[in-house]
Amino acid sequence: MKNKKIYKSFSDSVKDIKNGSSIMIGGFGGSGGQPTRLMLALRDLGLKNLIIISNVAGISVTTGYGWPKNITPVDQGIFFETKQVKKIICSFPVTGSIKPISEIEKSWQNGDCEVEIIPQGTLIERIRAAGAGIPAFYTPTGVGTIVAQNKEQRKFNNRTFLLEKALSADFALIRANRSDTFGNLEYIGTSRAFNPAMATASKITIAEVNEIVKPGEIDPEKIGTPGVYVNRIVKRKLKDPYP
Amino acid sequence: MKNKKIYKSFSDSVKDIKNGSSIMIGGFGGSGGQPTRLMLALRDLGLKNLIIISNVAGISVTTGYGWPKNITPVDQGIFFETKQVKKIICSFPVTGSIKPISEIEKSWQNGDCEVEIIPQGTLIERIRAAGAGIPAFYTPTGVGTIVAQNKEQRKFNNRTFLLEKALSADFALIRANRSDTFGNLEYIGTSRAFNPAMATASKITIAEVNEIVKPGEIDPEKIGTPGVYVNRIVKRKLKDPYP
Amino acid sequence: MKNLSFNNDPAPRLSRNDIARKAAQFLPNSSIVNLGIGIPSLCANYLPSNIEVLYHAETGLLGYKDLYEGEKGNPNIMDAGGNFPIEVPGMVFFDSIESFNMIRGGHINITVLGAFQVSGTGDLSNWMIPSRGIGSIGGAMDLAENTPTVIVAMEHTTSTNIPKIVEQCTYPLTSKNCVNLIVTDVAVIEVKYYEKQKSKLILKEKASGWNISEVQKITNVELFEE
Amino acid sequence: MKNLSFNNDPAPRLSRNDIARKAAQFLPNSSIVNLGIGIPSLCANYLPSNIEVLYHAETGLLGYKDLYEGEKGNPNIMDAGGNFPIEVPGMVFFDSIESFNMIRGGHINITVLGAFQVSGTGDLSNWMIPSRGIGSIGGAMDLAENTPTVIVAMEHTTSTNIPKIVEQCTYPLTSKNCVNLIVTDVAVIEVKYYEKQKSKLILKEKASGWNISEVQKITNVELFEE
């Protein structure tokens, strides 16, 4: 039971992802918590029509957002440079100012991909709902804005709310610090972000980790994702230059 | 800012609870995670018409459930012996077999109180929703049973779900291992249970803890309830005989 | 507790421990399992040696194996039955929100539950005796409704030999069309769903000395053999 | 970045840093605060010395104070602006579910946000320039809609002196009736709600050398003094 989840290489761990698959990519945006090696392995498959679900996306390369200054960033833009994406669902796909322009904005301008922009709290709650067996919930966020278009509205206690539905995916690529051989994951600091929720909301969850240890080596009080949610684990090389 | 939350005694910390207040009591049932000293302080106020929200309730005294064998249990029954409760909302108020009978079942038989029984997953999710700004959500649990009576039903992807609403309270009495002076709480093992959700869902959250430490003494990766949710902290005496 | 036994029985019925032993044979390797209280909780004692599973408890615990006996144990590590599991490496703790996300989201692979009644369409009643007027739901409805595989482990009849496998449950329901397998003291019966909310009961195994017509006598729903 | 300045101005407008310094004066002691990107993020540099607040970042962080500068910092401790806060005792980490429960549940006391436009009824537009056709919402809608007190910190006009306080927002909305206080480079204006979705703009403070009629000239909604 213990070692079936461990994959030898990033490329092995993603090779059953197909044209048209929906893929959650964890982290917040920025380098901390981002499954950078899994993203590169996915990009190298050369697939088409992917549906990508992320939070902040494509901003790091354009502005250095959330990366150490001495490292050239990698972000969701890698899938757009190569026209692999049919649609991205995210909360923050373009920079605040009009320039510099991100790969995602370029693709959108060229009509190569669809961009669906969702308030961050609604996005994470929709992902959480999918993992938690909740098909839909009401939220106050977005009422009276274009986010409310074509959505059911309803009053509770005289305040208006929107009906939002669960959001799941075929695959989740996530990042953690350490995993034990059961797939129990330990995170560091703000690198949790979207990773724990996405782990629960996909058919196959693949975790990129710095280290794989024996059960019991991670303090059970510090496990952020129970192994029940993790299908595959891949260890990074020692001293990977990416954070 | 740091020390305003610390109360010197359990009785001080609960003295503004009033007749008719709604009160969440944390833990799962059993001794671990139960705010036993806060419960006793509340009982001693001699209030009436309380609304109590708990999970497993009143079972420990009747069966020893979740208590070490050498200690006489205390549980939610203490509020029923003294007829302080108008209504209890919980998932597990009576034992599996007809005897022995709990204080809650006695009160219910005598018509002294109302007992509302909710599936455990629905109860915790309703409490969570209240803290998370979600007024209502759909859940599959209870469809086709008496739990579905008078509830709105709706299909998503051809499966039927019930609409369930957020559940909040005036006060939450919760239990943790340690608190720092900001009110950041650390839990041990399964003593989390209903405590973290209840902390978010009440107007005033009061935490009973074994120890109060300086900020930074609890590993930030192990804080189960951020201090933003905790209004009052009360430290137990050293070597309290209750677990 | 003695085995149930009645004058017309062709052979002894299984003990509660033997029902648990039989039910435990249906737990797949590497599965995440939640055991209900009563007979189901005994399954943990009879897991085949070549099978490894992870137990989930509603209290917020995944990965325990055995329980402390007697005076031992830590009240801060409790299962849903109020027992104190022994700490093992790889055990995980979480709060009740997460515990029921796992259940409601279908991440627990299989649950073994007790029952007052099971219907021919897989409806389960296991939380309230009608004459009592009050009962405890606990996590039973969440588990029964949302776990992909539900095994019922129970005695085939009441202590007065009244069938518990019935056309329609007369006890308050826990969940409809949820039961996949019924393991009793005289038989193993599969609830085979061939259409939404329709099913047949397939008699898969009989206790030693019992044949289908003898099992049928104490079963209120028609049994089929494959 | 230079202060905005136009020929008809009676006196200099405040710098972006001075807008932030002014806005910071409205942060109550012991409050939980979320600062948006741009001018709002500068408030942290000007918190009055007798005031202590806890900063919340959408990334899953509560209790930071200062940011690392230059090459320093840990990518695993990031704020929503992509900066790396300095670790302090009592800092807490959590995932995005919890981070937005705090916001949506109203547990963050006060937020300071930037704006493209604010209407006389407190509507806020701060996420998309219509001509661009695409924008980033991030946490802005959750914060604006659900935080009990919303301060807007912005320049009073665009760089071509077009008023940003308007009868009706023409930019896509972030949230309706959410703004409580507008702090600009020429004035501090309270949005006083006297009925649901109705409000008056109360001019509370003017920059040195500015009077109400001069502020009114670059404000498209009638201003009142108390």
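Which chain is which? They are A, B, C and D, in the order written, and residues in each are numbered from 1.
What we mean here is this: a contact is a pair of C-beta atoms (placed from the backbone, for glycine too) under 8 Å apart; a residue touches a chain by one contact, two chains touch by 3 or more.
Owing to the predicted nature of the structure, the values given are computational and were not obtained by experimental measurement.
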Discussion item. Looking only at C-beta pairs that count as contacts, which pair of chains has more of them, A-C or B-C?
Written reply: B-C
Worksheet item: Which chain's mean C-alpha position is the greatest distance from chain D's?
Response: C
Response to the item:
Rounded to the nearest Å, the gap separating the Cα centres of chain A and chain C is 38
Worksheet item: chain A to chain D: how many Å between their CA centres?
Response: 29
Item to complete: Can you tell me which residues of chain B touch two or more of the remaining chains?
Response: 125, 128, 132-134, 139-140, 187-189, 220-221
Practice prompt. At least two other chains touched by the same residue of chain D: list those residues.
Written response: 93-94, 100, 103-104, 146
Discussion item. With touch defined as at the top, which chains are paired up in contact here?
Written reply: A-B, A-C, A-D, B-C, B-D
Worksheet item: Can you list the residues on chain A that touch chain C in the complex?
Response: 1, 4, 128, 130-134, 180-182, 184, 200, 214-217, 220-221, 223, 226-229
Discussion item. If we count contacts the way the header does, which residues on chain C are in touch with chain B in the complex?
Written reply: 37-38, 57-61, 70-71, 73-78, 82, 93-97, 99-100, 103-104, 123, 129, 132, 134-142, 145-146, 172-176
Worksheet entry | Complex contacts: residues of chain B adjacent to chain C | 28-33, 55-56, 59-60, 63-70, 91-96, 98, 105, 108, 115, 117-122, 124-125, 128, 139-147, 187-197, 224, 243
Response to the item:
Per the touch rule above, chain B residues touching chain A in the complex are 125, 129, 132-140, 156-157, 159, 161, 165, 186-189, 219-222
Worksheet item: Once bound in the complex, which stretches of chain D touch chain B?
Response: 29-30, 32, 52, 54, 56, 62-63, 88-94, 98, 100-108, 146
